[in-house]
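What follows is a set of structures for review.
Consider the two complexes below, in which chain A is the common component and chain B and chain C are the respective partners.
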Partner chain A sequence: MGKYADDPAWSDLTPLPTDEGGSHPLAQIAYSADYEETMSYLRALMAANEFSPRALDLTEDLIDMNPAHYTVWLYRAQCLFALNSDLHEELEWLNETALAHQKNYQIWHHRNLVVDKLGECGGETEFVARMFEKDAKNYHVWSYRQWLVKRFDLWEAGELEFTERMLGEDVRNNSAWNHRWFVVNGRAGAAGVGDPEVRAREVGFAEEAIGKVAQNQSPWNYLRGIMRRCGKPLAELKGIAEQYASLDRPDAVRSSFALDLLADILAEEEDGKEQAGRALDLLASRYDPIRKNYWAYRKDQLGLGELKQAVADVA
Partner chain B sequence: MAIMKSEDIMGEPHFDKARHIKYWTRCLKTLLPHQYTSNESNRMYLAYFIVSALDLLGALDSVLIEGERQGYIDWIYRCQHPDGGFRMWPGTDFGAKANRENAHWDPANIPATYFALATLLILKDDFKRVNRRLTLTWLPQMQRPDGSFGETLVSGRVEGGQDPRFGYCATGIRYILRATTEGDLSIDGQVVKDVDLDAFVRCAYDGGIADAPFHEPHAGYTFCSLGALAFVDRLNTRGLPTEQPPTAPCHPQSVLSWLVYRQTELADPDAGIDSEFVAAQDTRDTRKKEDGVTSEAQADGTVPAHQDPECSAGVTIFDLLVDGAGMNGRINKVADTCYGFWAGASLHIMQQPNLYHHEAVRRYLLGKTQHLVLGGYGKFPGDLPDLLHSYLGLAALSLAGHDQVKEIDGGMCLSKEARSRLPAIWESFADSR
Partner chain C sequence: MASQQDGDDTLDELLKDGARIEELPDEDEDNNSATEMNGPPFPGKHLQPKRKHDVPPWMNSATLGLFHEDSQTPSTEALAKTAAECLPFLTLEDTQGLPLNSHGLPHLRRKPHADFLRGCLGDLPAPYAAMDASRPWLFYWCIAGQSFLDEDVSEYKDRLIETVRPLQNPGGGFGGGHGQYSHCACTYATVLALTAVDGLEVVDRKAMWHWLGTVKQADGGFRMAIGAEEDIRGAYCAMTVITLLNLPLELPPDSPARKAGLQSFTDSLGNWIGRCQSYEGGIAGAPNNEVHGAYAFCALACLSILDAPHVSIPAFLDVALLTRWLASMQTTPEGGFAGRPNKLVDACYSHWVGACFTLIEAALPTPADKYTTAKEGMWNKAALVRYLLTCGQQPGKKGGMRDKPSTRPDGYHTCYSLSGLSAAQHHHHYDTQGSTRDDGGSGRLLAAFNWRAERGTAEEMKALNVDEEDVVELVHPVFVLRFEAVEAARKRFEGGGL
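And now, the complex of A and B:
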């Protein structure tokens, strides 16, 4: 009949079946008899507010089949705390579950609760690194790592080095750039790039990354972010922009992001608008044509006319 | 060598409308495969995809037979919560065993409520059975002191994380049930308070928008934030934001820039991004010399990002027009069908619908992720279709303009036609102030 129905340890509980309430349910799913049974027993447990070892076991079962159930995690958490369960064991179980269901956000929220309650984070950054091996850009995992840093004061415990390692593996990993920004600037009361030494270091780091791969938006955004946070004008980036994009050598542009930045810088210069327009023309016709409508919009914003073709495109 | 003009390239890939209708009709009238078990607690969301997709395809009326429309409406109402709002599915209801002690385990759910109301709108329900007063009373309780909205209220605690998805759905519920009027309402002789709009607006961000400060900007969260701001009439689309009342975002130009950069020719998730640049490296040997003068780039060994279209092995506008260019969700990620909607709609909400390349998006959707046998769309080229990507692919196609699909409203993600029924529904509420 069923795993729970056949088990004498569960004979005292009457399962509660689902009531679809009519003959035209929407998005009904052909779930297995196992799932149906587990759900029926879960409902019975929750209806009775039972927080017991068998309830804990059942939630594990259910979560494996439907980890997105929005009350089962809360119910499991309540069981754990009511039973004073071993939270280290819970983390072990969570590790496996996270690896099996990588895109699920409830798992990470639950992990938050457990680790917060434990009050210690030993092994967490290692586990996070393991998750990154599967997907170096997993959004939930990066968010969780930020929480770890804040919660356990890990600002100077190797986080900067961690971002360097991740970027060493993939200099285009924007999540790693974002984490670096957070580590440098996210601490309450920290000067971050407001401190000239830190700024110089971070600018250098971004420029080095650009040197490796110029056609990579992440470090260019990072540089812009630094200027904005320090209240400095983009003009301070003119030097590096011109290393990779020069209007004097339109055939040798090495980065469309440099050209975009140059357009912004020139637009702010007295008498720079026309040159900004030339940069935008180059982007539209050669270096980033997919965004041609946007470059035209930018020209329009500057009060300039139609985009000019920088290279003739007829035979 | 002549470069072909875009008109000379073969016409746009075919949108196999009949096949999509078949896909969605199957989703409506038969059980979803067991692989959707892990999505059971999202059923209201799936229901909305199915009904709205058929509506966008202009097939809803023809597909529904006698009694079905009312039957589906009845199922949605079956999910309505006695204390206001809706459940995602009947599965949390304890039925005869429901009592005050276990009530917190069967909460109303914010996204479920929005999708339930949206689906009722599409099905042309008159909203007379919606517990409007109770739902609008519940709504402010779902808002935290910091202004953000949660997912459920369990034992007096707002659960579910701070993310903008809940802000979008909460403001969407508010919009459907009370339009944009601010402040207290009198419903059935009782005062119903509004949510705290000022607090809500202050937790939004600029540039690309994330789900929390310092988190990575993300097109999905950007859509939710902009859509939510639009629902409460607090969106700043150009220039500086206002203080009284507060509007957001602070730097619309940064948001627009971030959004247009979501469009990318990278479509294959298995080819590392490096493959684009491996191709560029190869041109070192085949690169033309301009007038006998080598470009500076040659001297130091690096290669121009996008070469003259005639000789580059990198991506040219020709390639883009043939292969298309979809949208990604974050910088340096590969295109994914659904971001064609999240990013595209964001630009529509910001009143700049033409900043991105519509034709390239259509070519990506129709040529790369449309499933030629099953209908619907997959996430990546070659993937089997799933409900979310199939719906959002259709939505993205509509936004990019296609005469075989009804016009979609970017802010609400349903047909403009369905949205246009709201004013009459608001009239029927007839509140006193």
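And now, the complex of A and C:
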């Protein structure tokens, strides 16, 4: 009795009920009758290697009940491709499903397979942007967008502007910073920030972001990343570091990330180690005490011995 | 809102959807009841001034008020909300009626947590169908989690073997349930759970070897299943299974990766992992993606399987950069870890990030190795312990551990909170004299078996503000199981072969 058992269109198939493995399985789920029935027919379809319109319908049914069921998604993709189904139609259905199940992640791999097969991505970046309205840091949606950019060569199709817009909404959105890095540097053979003009633009972008919110790890990481990729010394960032953390004004540090950067810059300077030690002391005792052991480790690596209370400097 | 969803992008998403199933509200919630005799009753803020407690420096108001920002953003709002939610517990202003230890922190509620995990292995109502594709994780979290509390889990052996038999596919590997495709995460969780109860005889090793050959990729990485995504979880899960079961490292003849010239499961793997380290220093799930704490653990643990950590980790990753990133993930004022920059604290990262320090400390050049044992290590263990005991424990009879106070406990957070607690409480040493490969014999990678652990001293426990009963068992830094269980698996398959 049930949707499939009662349907003559399915009468040729013998359902395969769940094998629980024994009389007293661990974490046994009391499946609803609908779920158990649908799963039983799925097993029968898969056992027969059947890729058919009715199989496609059944996967839709099951995905509605349990969108986290990776097997159903993978099987559905095989059906779609075996049947040469209309992939635009599939995308429309996926849009609804994605919006209804914001946290679901299998859907993004499926979308990836479908759009890859389709060979075109009209409307995709717009849809992805809609997803970010609900969760602007959704890891899988960002990963999907990175795939889109690479697959369809969207490097110059407004992606940089998109990251600017996302960071305009939340300058702390680290996912958007990562995407910006990818758009600037991820293209095969691209010089990225190795090009002086691009570098100047990106340094300027990060500095402006720091101007808005200084105690924000993302743009500081971005600046360090730029120097590293170009093989430039961190010393090139001394100006901005000192703007937000100066040892001459230990009371007026505006960013622990600036102070950390300053410590690294000073450590590379001739005769700068002692000062670097002072910066690390300040971090440990005042500006970032939760990482005291890490700052102590850094100081130890410079051969400067143990931390000192930086309070005296402050007073 | 991005808040409270941080955990949703960890080791296996699908799980997490399921792990967060709304359970029926507890009828017996007695968290604020003043009837518990072991702790002072919670008086309510309006009645008397806050009790004076020894508030750690990272939580004092001067530190918290240091950086006033003019520009509020959605991230700032979520971060402020979480800090506000945690502070009354962190400062011990509200101890939720939990029994307190001799240092004034809540005790680790061993028995309720063990009961909670036991309950998650019992019969589950229909809404748990959302976890139908991830039941093996429940086996692992709930069995391993109990073992971290020193509960005897051998009683599960026969039932677990019976339960997972229909999950194993004739072509090798385990799916999430009967008739589901084999999947790296399900296979990893099943093999770990079986290892915990010494029940690995049920695994068809030869078929497993063949199946793993089908998910190995030409670029060196692993897909999660045939036709599924390629990410760093696949690499860690596959290498864990290969090593525990001592499967041959050479690829099966029918492995598609052979067409690209690869011969071994380990070929190009270190390079592929290296490509996952981003400009920020942390590790992404796949090249070009964003850094994430759970993926950092997968990368470090996988490299620690491939070779001795001081050899393999610096060979493929920039250690100083990664160390900075890991340290930066500990949050102020909560003291737990976040999974990504500017995201929220979540107890599961106590393991995903906390356990990374064990591995990375073993990868440091020798002077630092001396440093970490002589002093307190590079991270704030006391702060993590405080977060887990004050914010991570579900009050009331139910037990279990949770992401943060506003969330419900589940097996996932309980298991990884306990593992993180273990990383904070004990010491691990990598024996650099141990051989890294069974060259004369089966060819097995041995590096992951060269770890030794010792319990933290009484003095150290005092510094962490814990009593003896708040101390959990030693957890293996690579396999996230009790050492005894890992040793049994090493011995069982010592001879190799198929």
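We take it that the second predicted complex is superposed on the first by the 307 of 315 C-alpha atoms of A that agree within 3 Å, B and C clash if a C-alpha of one lies under 4 Å from a C-alpha of the other, contacts with A are read in each partner's own complex, and residues count from 1 in each chain.
What we mean here is this: a residue touches a chain if its C-beta (ideal position, glycine included) is under 8 Å from a C-beta of that chain, and two chains touch if they have at least 3 such contacts.
Bear in mind that the values here come from a model prediction, so they are computed numbers and not experimental data.
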item	value
Three-chain arrangement built on chain A, chain B and chain C clash or fit	clash
Partner chain in contact with A:Asn66 - chain B first, chain C second, else both or neither	both
Partner chain(s) touched by A:Asp251 [first = chain B, second = chain C, both, neither]	first
Contacts of A:Lys103 with chain B and chain C, given as first, second, both or neither	second
First (chain B), second (chain C), both or neither touched by A:Tyr31	both
Contacts of A:His140 with chain B and chain C, given as first, second, both or neither	second
Contacts of A:Met227 with chain B and chain C, given as first, second, both or neither	neither
Which superposed partner A:Ala48 touches (first chain B, second chain C, both, neither)	first
Residues of chain A at both interfaces, chain B in one complex, chain C in the other	16, 18-22, 24-32, 35, 39, 43, 46-47, 65-71, 74-75, 101, 105, 109, 137, 139, 142-143, 146, 172-175, 178, 181-182, 185-186, 213-218, 221, 254-256, 286-294, 297
Contact footprint of chain B on chain A as seen in their complex	16, 18-32, 35, 39, 43-44, 46-49, 65-71, 74-75, 101, 105, 109, 137, 139, 142-143, 146, 172-175, 178, 181-182, 185-186, 213-218, 221, 249, 251-256, 286-294, 297, 311, 313-315
In the complex with chain A, residue positions of chain C that touch it	1-2, 5, 8-9, 13-18, 57-58, 63, 66-67, 69, 71, 73-76, 120-126, 128-135, 138-139, 142, 156, 159-160, 162-167, 175-181, 183, 224-229, 278-281, 284-286, 288-292, 323-324, 327-328, 330-333, 335, 340-343, 367-368, 371-372, 375-380, 383
Chain B to chain A touching residues, read off their complex	1-3, 5, 27-28, 31-34, 36-44, 46-47, 50-51, 67-68, 71-72, 74-76, 78, 88-95, 97-99, 101-102, 105-107, 109, 119, 151-152, 154, 159-161, 211-218, 256-257, 260-261, 263, 265, 273, 277, 280, 290, 295-297, 302-306, 308-309, 316-317, 320, 325, 330-333, 352, 354-357, 360
In the complex with chain C, residue positions of chain A that touch it	16, 18-22, 24-32, 35, 39, 42-43, 46-47, 65-71, 74-75, 77-78, 101, 103-106, 109, 112-113, 135-140, 142-143, 146, 150, 169-175, 178-179, 181-182, 185-186, 212-218, 221-222, 224-226, 228-229, 254-256, 260, 285-294, 296-297, 300-301
